[in-house]
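Structures follow.
In what follows, chain A forms one complex with chain B and a second complex with chain C.
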Partner chain A sequence: MTTRTWALAATVAIAALATGTTGAQAQDCTIPLGAVFPLTGSNGPIGEPIAETGRWAVEQMNEAGGVQGCEVEYLLRDTQGQSAVGVDAARNLVDVQGVPALLGAISSGVSLPILTSVTAPSEVVQVSCCSSSPSFTELAESGESGGFFFRTLPTSRAQGVVLGNIASQNYDEVSVIYINTDYGVNLAQEFQEAYEAWGGTILESVAYNQEQASYRPEVNSALAAEPDALVLIAFPVDGSTILREWISFGGPQEFVLSNALRSDDVLEAVGAQFLDGALGVDNAQVSGPSVEAFNADYQAAFDADPNRPGIHINYDAAAVTLLAMAAAPEATGPAIRDHIRVVTNPEGEEVYPGVDGFSRALELIEAGEPIRYVGASGPISFDENGDVAGPVLIWTVTNGALAEDRVITVDEVNALFDELAQ
Partner chain B sequence: MGQLIADGILTGAVLSLGAIGVTLTLGILRFANFSHSELVTWGGYFALTFIAFAGTSAETFGPLSFGWSFVGAIIIAGIATAGLALLVDALVFSRLRKRRAAEMTLVFASFGVALLLRHIIVLIFGPHAVYYTGTLQFAVEVLPGVRVMPDQILVLVLTLLFVLGLHLTLKFSRLGIAMRASAESPDLARVHGVDVRVVIRWTWAIGGGLAAAAGVFYGLTVQLRPEIGFALLLPLFTAALLGGSGSVYGAVIGGLIIGLSESLSVLIIPTGYKQAVPFLILLLILYLRPRGLFGDVAK
Partner chain C sequence: MMGYVSYLSFFLTLALIYGIATMGLNMQWGFTGLFNAGVVGFFAIGGYAYAIVIGPDRPDLVGGFELPFVIGLLGALAFSALAALIVGLATMRLRSHYLAISTFGIALTIQLVALNFESLTAGNLGLIGLGRPLEDAFDTPLGFNLFYLGLMVVATLVVYGALQLILHSPWGRVLRAIREDEEAAISLGKNVSRFRLEAFVIGCSLMGLAGAFYVGSIGYISPFDFLPIVTFQIWTMLILGGSGNNRGAILGAIVVWGVWTSSGWLISTVLPPAWQVRGAASQVILIGLILVLTLLYRPRGLIGERVTVSSGAKLNDR
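Here is the complex of A and B:
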């Protein structure tokens, strides 16, 4: 309650300030940037540092010179992790405060109703760090989000495509067993599109539900078609059972495995000797100078470890939005939307997080040069649905242990996407 | 097709063993014991504990994946689980019965017992999946196109023996007759000199012992994890209700129907929906025959 009262008081003060200084010299003007995050409730402990990271990015941008000569005002509201509260907060920010762009929220269950009932209809850009639901991609594909939604959390598509790529290089015909959840269904679908595009044939695609007495019917359906290999999208416990049954029933000991199966538990439960040569994918740890510089800056500013959920990706969400606001001719939703991809242009000069990075970016924007923001989570490039790809690790089982094979960088992942699109 | 039938029968056999205990408590103690499936989990873990202390025998029986220590494990697990069932009854259910608690009170108490039993397992053994042996067994082709693991055949044979043994006990022994009489009418049985307390004790012991066998067989052919009882809860009750509450043969047939219908359903519907099939069959049977396949008209 106190946070809310405080926020209200602050907003009133800011509003008074804004109206009071209209028409004064450019440095005194303000442009609002909205943010909705859970500050209280069960997600509060992770939401608060994420929200403060956004505020920090705004402060750095103001120090670097602000957006179009104006200060950016960070208007943060609490969603309490509830969709109704989040929608109210977003509606207030958009209708009353007139924000052209909004950061947040964290859970898809809050971000989604904000997108469909507030930001998309009002033509306000929404950039979420942390909402992972595939529904956002579907809304973008159907045109319902109007292209106003972006997220900096890598989607599973990169993994599905790389999975399809490595499977097609090694096996002509496979069967797929996948877990019957959002995660499994999406990854299986993404795998299928990629694998078939690269010339592979899926003989049998079998969904399974967790926690069953036995997976023999699933395993036998997948095995009956006599594939070269099994592609398994599963979690360790069920995955181990399925692998054991597959091997017991004489299936070929050739496997392509999803990220969750990269676990010593699986090796131990199944027997590493049976999994030798198995290939798999996982998210790769992002590294590079921009990431290390961010980590050091964050440590200095907050005296806390940046390796917590959502910190890097929300900083990037804020940075990309701020840079797009700076590059756009006017602070309106559609203009910002159209400039998000301009400031992440792969052809542009690389700019990094921090005050120096933002200053350089503003100079380049002023000079009309293209820029590419390489952020706290590495290079960012939004696809047509506002999703980003992350780097993908290819792992294998060699000599009875998990081993890292190689990393497919974001640029290589995007090259694979382009290859698929053709 | 043949393979699917074999898979269905093997899964059904394990379900049948668990469902017998459910149906006995429904028939004789007259309440739905939701903690019964946790006894399945405990049976599996009792055997695991025994093997951990006794060590796995170096010599295995022919093509099977285990040796003498496993036989000991089954027996110990059966006895220990029967003991656990009696302990739970002494601490919880018998006290409620003495106070003439309503049936729903017993049902909710069993929910609490189930949670407690499950979490004690997590506390002691941890949440990870474990196996009796690290070695993997290969399936052999018993009929053209039908592969089964040798362990599974043994599980099937032992299940048949247990069911046959229970059948003979219920049919011919004094205890069996007393149990059937108590199921029919507890008051009438008491008037005729049946000690209902003894009957109740044996009901728990038999139910617990068979649950332990189900748990051990599940652990042997699939894996052990703290949630197996919870995952089996619905299938076990479905099997017991399908067969008709109180009917041992009904529970066995019910278990087999569930195993077979899940397994064969993949021929016509996507595998993701196969868990719904037993419930459709249950709805259909309860609609046509509300007392279940083998249930008595009186109840």
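Here is the complex of A and C:
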């Protein structure tokens, strides 16, 4: 290599160092909070408002008095939707900027490598709004994530458990037919665990592949064991075919159905009179004063409709992290990790989003009182794997139409989880 | 300060991984004139081969042989070479842009296979629990980063040395002859398609090796790691660094990856928080601007190919 090229390489390296030092020199009292989101690329349109919501939460916290009297600095990086770029950005935030906690990313394909190669080994808290992969739960169970990962997106477990609960209250022996995708396999597994724990017996469990003209073999093997009812985890088109075949083969007209089947198309395709009395579950629309307050605030601050994907759950991801930073004795990853559940303590006084809510929360933290953050997506409580549950709706088919039966709130869902754990 | 060392060692690790893939592409384009637009496909095959060889056994998946790191690397080399042989036998008769189109299609196909062959690759969930080599031996991430960087420096030097050796042998001269004038090479009695195939396979297996090192440093693999833009990045590294020169390929990888990542750092440091979301777009513009300017002022790359054909020949000054 010629001297000239070495000089060039050295210049690049020095320039890279020089740009970094300005950020790390802040001697006044600031605590950095990192964020990695896709701002450009195919997820950019979703990522931008989500990233903005995180910044907004930080601004509100600073207005409310900041964390331990210090201003929180929101350090945002673009992943460009590329995992290598996201990992590099996270590594830079953790090593150079010294962030004790990190928000993001959106796709599991970016959040997971950040967890395995940056946040878990460096003991930094990572809170993702939107990554849905079951692999995070698996990593938490095996201890590889060190408890540093949290997410505010409700997992499918709540639905599986409620499904198992209502099935066990109505039927002793069932057969299950489920779709052979992540969605179906997970939900069927969670259902089975819950249903058997509450004393039910699964006679036959059959997976089916999507988009076939007929499902006779699957229906026949599920029917052969003579169950009391059919538990069907499916999407509308395939589900309608299976239900029709089940009924035409003389199966009992007793059904427990998954969320995707809550559709008028299914009633029409099968014939609503055959489905009368069927039970099902779905995600419940989250409501309550904290949600309405957030929506109004958001509308005022951004002049935009808050019904965009990920807004509520990322606001809560940021808020929970900030409150945990305030409650923790020091701004380090392990301390923040240990205080995330402290600020979402079900026994604590409820605090809401917004400047007023954060001010009240800071007062209570100062006074050493327990608090419970009830956020933009309602009450939040993390299980031992850092996952949250959402409220679940139970629906029925009555008089030829879909009807809402009742809502199982988050607290009730968590009570069911506790019951299962014993 | 240790933070900088830790970050820079991580940064250089990734840059050198790309450097190995760039040298593979240099073998194909820089020396032989093969337009491979499917770099990321072979990167992916190496990564998955490594992950399946060293990964933990999982009841729902084929593979997971829990073999040592080095066997994983050998597996990556072997499988990417095998894939390149199959692809090469089918496509080596194609010239320039036809080869580019078909290799681009093959890379997309490989990514889709990774996404859909769930019993082998776990589909979009990716493979977890891959464990990074000797990670437990280090107390801090800094220790591991420095160790892995050392490993990458050694790997880069070995690959560089081996390539210099074969490219400056008679075999390497034939490659350049093919690049400059295929008919002339044929008229000298050289079996051009065999040489092209050999260069293609060696280049692709280096891309596969780079994929294995990438997965080794991250500890996770998913189809998401192998988007078509990676091919574009590696091409940029080669062209900017200097096609036809392996030192240029390594330097290009470091410079391009540096520009790519430090521009985000720069933007988030310079812009006030309220502007950062919008600022992300300017990062992309900045990357493009730096690349275009470099090529305008150094059209042959940072270190271009040296103009020596053979020691005996007299050269006109170019």
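The rule is short, and it goes like this: the second predicted complex is superposed on the first by the 393 of 422 C-alpha atoms of A that agree within 3 Å, B and C clash if a C-alpha of one lies under 4 Å from a C-alpha of the other, contacts with A are read in each partner's own complex, and residues count from 1 in each chain.
Basically, a contact is a pair of C-beta atoms (placed from the backbone, for glycine too) under 8 Å apart; a residue touches a chain by one contact, two chains touch by 3 or more.
In this text, all values refer to a predicted model and were calculated from it rather than measured experimentally.
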Query raised in the report: On chain A, which partner touches more residues: chain B or chain C?
Result: C
Report task. For A:Asn209, decide between first (touching chain B), second (touching chain C), both and neither. Result -> first
Report task. Please work out whether A:Asp316 is in contact with chain B alone, chain C alone, both, or neither, and reply first, second, both or neither. Result -> neither
Requested in this report: Name the contact category of A:Asp265: first (chain B only), second (chain C only), both, or neither.
Outcome: first
Requested in this report: Tell me which partner A:Val237 touches in the superposition: chain B (first), chain C (second), both or neither.
Outcome: first
Query raised in the report: Looking at the overlay, what does A:Asp282 touch: chain B (first), chain C (second), both, or neither?
Result: neither
Report task. Please indicate which partner A:Phe274 is in contact with in the superposed arrangement: first for chain B, second for chain C, both, or neither. Result -> first
Report task. State whether A:Asn220 touches chain B only (first), chain C only (second), both chains, or neither. Result -> first
Report task. Applying the touch criterion given at the start, work out whether A:Gly250 contacts chain B, chain C, both or neither, answering first, second, both or neither. Result -> first
Report task. Using the superposition on A, tell me which residues of chain A are in contact with chain B and, in the other complex, with chain C. Result -> none
Requested in this report: Could you pull out which chain A residues touch chain B in their complex?
Outcome: 180, 206-209, 211-214, 216-218, 220-221, 224, 236-237, 240-241, 244, 247-250, 265, 268-271, 274
**Report entry** Residues on chain C engaged by chain A in the complex (per definition of touch)
**Finding:** 3-4, 6-7, 10-11, 14, 123-126, 128-130, 132, 135, 141, 144, 214, 217-220, 222-225, 227, 229-230, 247, 251, 254-255, 258-262, 264-266, 268-270, 273-274, 276-277, 280-281, 283-284, 302-303
Query raised in the report: Which bits of chain A are touching chain C when the two form their complex?
Result: 1-2, 5, 8-9, 12-13, 15-17, 19-20, 22-24, 39-40, 44, 48, 51-52, 55, 58-59, 73-78, 80-85, 87-89, 91-92, 95-96, 98, 107-110, 112-113, 116-118, 121-122, 133-135, 138-139, 142, 144, 182
Query raised in the report: In their complex, what parts of chain B are in touch with chain A?
Result: 3-4, 7-8, 10-11, 14-15, 128-129, 131, 134-139, 147, 149, 218, 221-223, 225, 227, 230-232, 235, 262-263, 266, 270-272, 274-275
